[in-house]
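Each in structure tokens, the structures are laid out below.
Same chain, two partners: chain A is paired with chain B first, then with chain C.
And now, the complex of A and B:
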């Protein structure tokens, strides 16, 4: 046994040190999560005052509700768009940062600052700049390209504006991890590529991307979770799920069912479904990184 | 032999002291993408100086005549100062609390041998599966039962324990040289003294990085404060921006004022990011 593990030998001491963490995860993480599971089996009336056991009834009504199923499809579509765009933009910026030789530090901070950008600020700023009637982006899009921008009534436009806001906020985080992965590429490999005359783009896609795969899988999962949960502020500030549910992501549907309609049992069932999705994603990540870990 | 000379030529060509011809597209690409990412913010800053009529003169992207008046009015008349103070107190408490609690847990997990150690570590890691939306209804009810609604306790308590922080600190502690641990044991140094005198000074970079991550994460919270705080005077700045949306006259929203609020809301986390970029990047595995 290493010196580390035997530095102090008192089980009681160990548990005392762990007490704050264990108490906090017990009270604020495990207890409410288990309660969610219990509550999902009940129907609630009168602001949660009265409850009635309905078994899997809430799940049955969710899985047969067209609104909910539409929201599931929409959320996966939104996540796919956000994940793919964030990875593509992030990869491009990270690769440029990796390649640049002068002014690297200054470029780096100028590229990753959106990591600090609050989602609510991203939403508020784009709500104004892309506003259908007073937005400067709308003004130039309409006068230069002649497109009709009206995302307060056109569903796919609202979806696009919210997704762009999400990508804007998330790129910085991706660039940090991608650059860290790129820096791990052995220098000898670059020299080999130079010697063999492998073109820049080919080098990125055929050499670097496969080597970065563990990081990319990690980022796919983090970006998906962000798209599922982190985009709540964008929806709440920009579209309130509209127009006609075009941006009604699962997290927003859950918020409305729980805190606007006081449908606590149903909302808990929605939480359970979100948990299953998060758990599934995490499992996939662990499996995939096991298989493709190159270094 | 020939290969060696060629390799030398290659490495000379990519030496950092010279602006290589092939670097021009790289610089152009970086400047364009950085400008694209910064443009909404730059426009927001310009617009935050405009009056309502100037805002409604669309296409006018010159600095407005309001100067800093929107900032003053948003901070005082529209309560942003209170919201920012609330956010600051919440974020500092969460940052300090989370790191303190996680340091203790990491010491136990690395420097002790006890029953169910792996089980406890797994129990902590498994909480990654429970983001707030997964437990939001019972957590809200718990706050009501405890009488914590509208208090700092509700804003900070649920964020104290952290699987990520415990995991990163544990990894870091495991790299502490065995000789130091052995010396501490021989000298009969207690665990808390060991933590304070040896581990914390040796982990300064990691702790700072974690602090930055936690501060930014906490400052940017939106959903939980929206739900658990209904008293406007206790609200944090992210939700405070939502209140600003209704500010305006005769159906004309005061977007200049809202942009001033947005810029103010971004400043603290941005300042922290810039000031502590090196430890932050190091914590993310990106050494300078």
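And now, the complex of A and C:
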């Protein structure tokens, strides 16, 4: 303790040093959060110029709205698909990258490149590649598999296209972390597996995955947050929540309520709900994984 | 039948030759120790046997079967690693059975029986349901050995298995390993940099240096009759003193001379294929020197190291560093001049250029005589024991 006391003989100096950070966090994080919380209890008109206190009215109307509840269900489905698929695809790609010996760097760049692409660019590119009438992917899907691709009007197709786009965008991030975790597996364990004659897939699932579990838990959490919040740009660019609300995720519904229907009070309430859902999920994931992850 | 046989085994990493045409036969049931300083290629040799490295040249045969091209899992070997290499997320039991699950044709009950059996031998029955993080270093090493045992392999390969243990535990595990081998009689190749471990465990010891085998012999032979200057200096604790000296003949008396010091030699230079005045490397172990007031060798003491059972004295003799092991509690202090006697039956001469042994006096001579001469090509290991 004495070392601290000689460094700062009054705590004033310490607070002074913390001030810029505290000010920035306060102004851009805590204040807006508190404002959101406050606003969620008001009905707003004219971009929030006029407000009227409604208590939990916004929450009541949201939780009784079929559109909103459908959006909640849809978002959970979307998140489940994105989290599971991103982990599965990421793991496969990371494992292949780990095993490959020639051209490792080139493959790695190829694998993480979508992550480096701005979402807006990715969304626009995908929109054209998978466009129902002029997209090159669409052309081959239709000619090889004989499916009718029309995700501008077919709901489940639109959902799938956006979900796959979201996975494609997020896989690179997962691969980076998974590859780092794989490279941390001691070489002698690989050699023990070689001697034991443990096959490739068994090695992946029984040795690598358990050893990577702390990283995997982290990725589950990050992917969940991404699925709930990060998919906005893709939806806005590709489907605008349609067709017939088939891709109307909570984050997009929130955006529409706030900036298209100018209902800031309702949007704030949605914000609070979204926050509670994601915070709750993260908490559950961390608690559950404590039991299974090997730190 | 041979347990494991290496023929002209060579391994190159880029432009470094880690293992340089090593040939070695390990008989079935033998405990062979590969010993040498860091970077001498002993671990690489072991890994070549295991199939964890590919050979650049030469062959590896296990039980008379050429396995050079076979993957590690097909070679019927089990390996114990220095860092144990246990799967951290599995219990001791799972660690031991994981390899068995992988091998085809193992029923669950058979695996269980084998684990119980190995656990009983290693005295780890109570630890089977613990994970490695809940085990001490010695216990982890037992589990690692257990994992090798349950596979019932043709050959055990051990890569410095005791190096991560503390000194006391190392000595205890060393004895247990010897006991285990006596019980199981499985062919074992054991790598260590610790020459005490090598001497105590090995039926035979192969001393490696610079990718080559310098000598393969039973431990006592290595100590008594080292083939090369390197072996002489490496084996023993501390190793043999070696000094540059000259052979001289005065009338009928032959002697070894360096500085003002002379040591009589009971063989003529001619009988060794040398002439008076030739340079040689004279070797004598610290244990074979003694404090002797009538001695001809004078040492100026620079360091004294009391080891309890002996007093190790280091000093300069005729400009050369030498060590001598004398009676404990001797009254010797730094700066003293002491005279030393040399055990005439324990003299060694080496060629100054090649380092090959030229002569081992008296009871050393017998062991050399069996081989014909003392100048065997050090690069080619002896096939079989020293007594064949």
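Here, the second predicted complex is superposed on the first by the 273 of 295 C-alpha atoms of A that agree within 3 Å, B and C clash if a C-alpha of one lies under 4 Å from a C-alpha of the other, contacts with A are read in each partner's own complex, and residues count from 1 in each chain.
Assume contacts are C-beta pairs under 8 Å (C-beta built on N, C-alpha and C of every residue); 3 or more make two chains touch, one makes a residue touch a chain.
These numbers were taken from a predicted model, which means no experiment stands behind them.
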Dominant contact partner of chain A by residue count, chain C or chain B: B
Which superposed partner A:33 touches (first chain B, second chain C, both, neither): first
Partner chain(s) touched by A:185 [first = chain B, second = chain C, both, neither]: neither
First (chain B), second (chain C), both or neither touched by A:194: both
Touching partner for A:70 - first (chain B), second (chain C), both, neither: neither
Touching partner for A:113 - first (chain B), second (chain C), both, neither: first
First, second, both or neither for A:160, with chain B first and chain C second: neither
Interface residues of chain A shared between complexes with chain B and chain C: 191, 194-195
Contact footprint of chain B on chain A as seen in their complex: 1-11, 13-15, 17-18, 20-22, 24-25, 27-33, 35-36, 39, 48, 89, 92-93, 96-97, 99-102, 105, 107-122, 124-126, 128-129, 131, 134-136, 139-140, 168, 171, 176-177, 179-180, 183, 191, 194-195, 225, 229, 232-233, 236-237, 251, 254-255, 258-259, 264, 267-268, 271-272, 274-275, 278-279, 282
Complex contact set, residues of chain A against chain C: 186, 188-189, 191-192, 194-199, 202, 206-207, 210-211, 213, 294
Residues on chain B engaged by chain A in the complex (per definition of touch): 3, 6-7, 10-11, 14-16, 19-20, 23, 26-27, 29-30, 33-34, 37-38, 40-41, 43-44, 47, 55-56, 58-59, 61, 100-102, 104-105, 107-115, 117, 120, 123-124, 127-142, 157-158, 160-161, 166, 173-174, 176, 178, 181-182, 184-185, 190-191, 194, 216, 219-220, 222-223, 226-227, 238-239, 241-242, 245, 253, 255, 258-259, 261-262, 265-266, 269-270, 272-274, 277, 281, 284-288
Complex interface listing, chain C residues touching chain A: 50-52, 71-74, 77-79, 81, 83, 85, 87-89, 98-99, 102-103, 151
